[in-house]
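Consider the two complexes below, in which chain A is the common component and chain B and chain C are the respective partners.
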Partner chain A sequence: MAANVGTVAELVGNNEQTILPEWVGLQKKSGSLQTGRITEGELLSQSRDFLHLLRDGLAKGGNDAANPAYGPARQLLGDISRSRALQGFSPRETATFVFSLKQPLFNALNRNTTLSPTQAAELTWSTTLLLDELGIYTLEVFQKSREEVIVRQQREIAELSTPVVKLWDGILALPLIGTLDSQRTQVVMENLLQTIVDTEAEIAIIDITGVPTVDTLTAQHLLKTVAAARLMGADCIISGIRPQIAQTMVHLGVELNVVSKATLADALAVALERTGRAVTRLKNSVSGSGAHAKLSEKGQ
Partner chain B sequence: MDRIPILKFGNALLVTIQVDMHDRLATALEEDLTAKIVEYNAKGVLIDISALEIVDSFIGRMLDNIAAVSRILDADTVVVGMRPAVAITLVELGLSLTGVKTALNVERGMELIKARLRTTESEEDDVEQ
Partner chain C sequence: MSSERLDIRTSDDVVRVRQLTRTLALKAGLSLVDQTKVITAASELARNTLDYGGGGFVLAELIEGAGRHGVRLTFEDQGPGIQDVEVAMKDGFTSGKGMGLGLGGARRLSNEFFIHSKPGEGTKVTIARWK
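So, the complex of A and B:
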């Protein structure tokens, strides 16, 4: 068996001049170059490097892909796969890189007339297993790289889409954009509460124009935010509920026991009216009636 | 045993919690406060928890209880100065303290209580007239 594996390594070494062009040709045929993300020169050098590392691996590690001798080959595959994932290659294109090596290799095996049919079949089988293993590894790295990209983007979106805006003295606006999951609710809540403390805001307007859907879970998250703001002594107004969303909410039986207005403008008008009385009170310096008016407003 | 001081402030009672609350302290406060409300005929209770960094479900329920008891004894409870982290914790615990009035700081809390006192006085005036 060891002699057999040595044969493949030898075969790859000796026939590099025929295997490499055939392999690159197959890759080109399957459309690796069409998208223009990679040049022919790069493809050629990647293929050549991998072929060399594969030969070394075969010579030292046999056809066991888990053998440490394949470390450099795996490393190269990982790098190629990762860079392709970031460049936007499809999984098929990435996997083709390894799998299209099969045909040139088997052709080389067939051309070798010194092997008996049994030996040739055995070698073909073990090489298939090896290349499959390496191909799967390539796909795993590809998948992992894509997931990393997604996680990073999620984090960036979460950071970008939770601003707390000061609309007026004591009035904050929280324009929510995107789906409200529990993780984002946490960020939104922390931002809002901290801003309430910093600006001593009395009213916070939560605008959900940019929230695509409101289901029971989203409503619960909204209510949590409202409850937390209330504990800090700030009233909340919810605005920007679109007609379809209002209908869905009623159908689902979701109840927001909060003041809600159709648009942010309406909500701001209410907020100004509430805080407006407070301002009048300070001007008149008749603290009695003013404060009374403010309280009755808040008590509603 | 340590007790949390309760200050009389006109018709209102002022409680500033400066230490970390443990359960016995909380129970003692609840009892003392009830007694003082009756003793001074207080119309408002202001609880400042701005120094409180940790609030568990027990303290949360205590605040709710104090509010409920005060309401029965005709006094308003205002909890002021809650920290953002504490607010989030209480909401996550499912305690939104719906029976309690809240304000950002002592100043705003006192305004709420003063307003309530004025309402009561004017009502009494109406009755006298």
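So, the complex of A and C:
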């Protein structure tokens, strides 16, 4: 029997009954099922399908992983990688699929008594290179899929329009959430300025309750927004500066030089007052719940 | 103790540095205020590494000493370096369009602060925040 890769193809074909359970066993041992993201049945059928396609690849394509004969095998690996990337598998868990096939294959090679030790060694080496190549391919697809997910999420986040909310005649609120990177700040700022113009707003409340970190860049963006709003004829109030953020800003040395209030409610009260309104509690409320408030407008 | 290295090449990496710092600060058991302080300092230094150092990396470590836990961050780049560190540390000094508060702020927000910079070779800044 000639020691070529055709031998390995035959070996895989003839020894599926021993290779498959050993391989699946190793995958389970390395924790492939522990997270419960795939079932044993799925793992078994993925492994069996791959083994068949690998055998076909070996038979027609030799040990050259770039040979078109490996197309179907690659296709399957790509699908597995992509789905694992989306299911949140780690790179290690994903690569284990291919790399853990080495041991059962080599065991099968060693059990084959028709091969001389030199032949067995040669085949082991060429098969190692082949599986390494396929393993790397798996990781590449995995990495690419993860990057695609990230890019998609970034796009979605950027598109999450930051709505400018009208709270009262002439009073707007801009509830900011998340990281104020320069790209998004630009959109947010334009949105706010446009709405100020459209609604002839006098006061804009910028609420930063949802901003996790205020560093010098964030502070600069806020200050620029405030300055631009002022040019459009609106005063800004910043609300939602949490205590830990306030302390940090003091140490950082940034001063916003703008009216700030702890909560959006406090800011609205200031805005109403500044625009000549007052919120008062109704004394003789009809329902008796006592929580009714009356808004009176001065000078109107 | 656990440590992790993260490359700083894009502004997304700055976000990642903040997240990594938050994870470590939580592990070290820092209070909410101290977490916020060290995360903010990390954000400043990461952005300096990116903007002025031309990119680099951070080494983030969980540290332990005298029964306390803490977080240590080392930012390193092989950029142009800083001509006069004393001047750069001054509040309000910026060679770009910043507020010039990053370095001074990072020092005030940390328990330990070391800066080493050589023109033409690069900059290394280490901070630590203890519980």
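Everything that follows uses one rule, which is that the second predicted complex is superposed on the first by the 252 of 300 C-alpha atoms of A that agree within 3 Å, B and C clash if a C-alpha of one lies under 4 Å from a C-alpha of the other, contacts with A are read in each partner's own complex, and residues count from 1 in each chain.
Basically, a residue touches a chain if its C-beta (ideal position, glycine included) is under 8 Å from a C-beta of that chain, and two chains touch if they have at least 3 such contacts.
Quick caveat: nothing in here was measured; it's all calculated off a predicted structure.
By the document's definition of touching, of the two partners only chain C reaches A:T213; chain B does not. Using the contact criterion defined above for the overlaid structures, shared-chain residue A:I196 touches chain B, although it does not reach chain C. In the superposed pair of complexes, A:M232 makes contact with chain B only, with no contact to chain C. Comparing which residues of chain A touch chain B with which touch chain C, the overlap is empty. Chain C makes touch with chain A in their complex at residues 11-12, 15, 18, 32-33, 35-37, 39-40, 43-44, 47, 91, 98-99, 101-102, 104-105, 108-109. Against chain A, in their complex, chain B makes its touches with residues 79-80, 82-84, 86-88, 90-92, 96-97, 102-105, 108-109, 111-112, 114-116, 118-119. In the complex of the two chains, the chain A residues touching chain B come out as 186, 189-190, 193-194, 196-197, 200, 202, 224, 227-234, 288, 291-292, 294-295, 298. Contacts from chain A toward chain C in the complex involve residues 154, 179, 181-182, 212-217, 219-220, 243-245, 247-248, 251-254.
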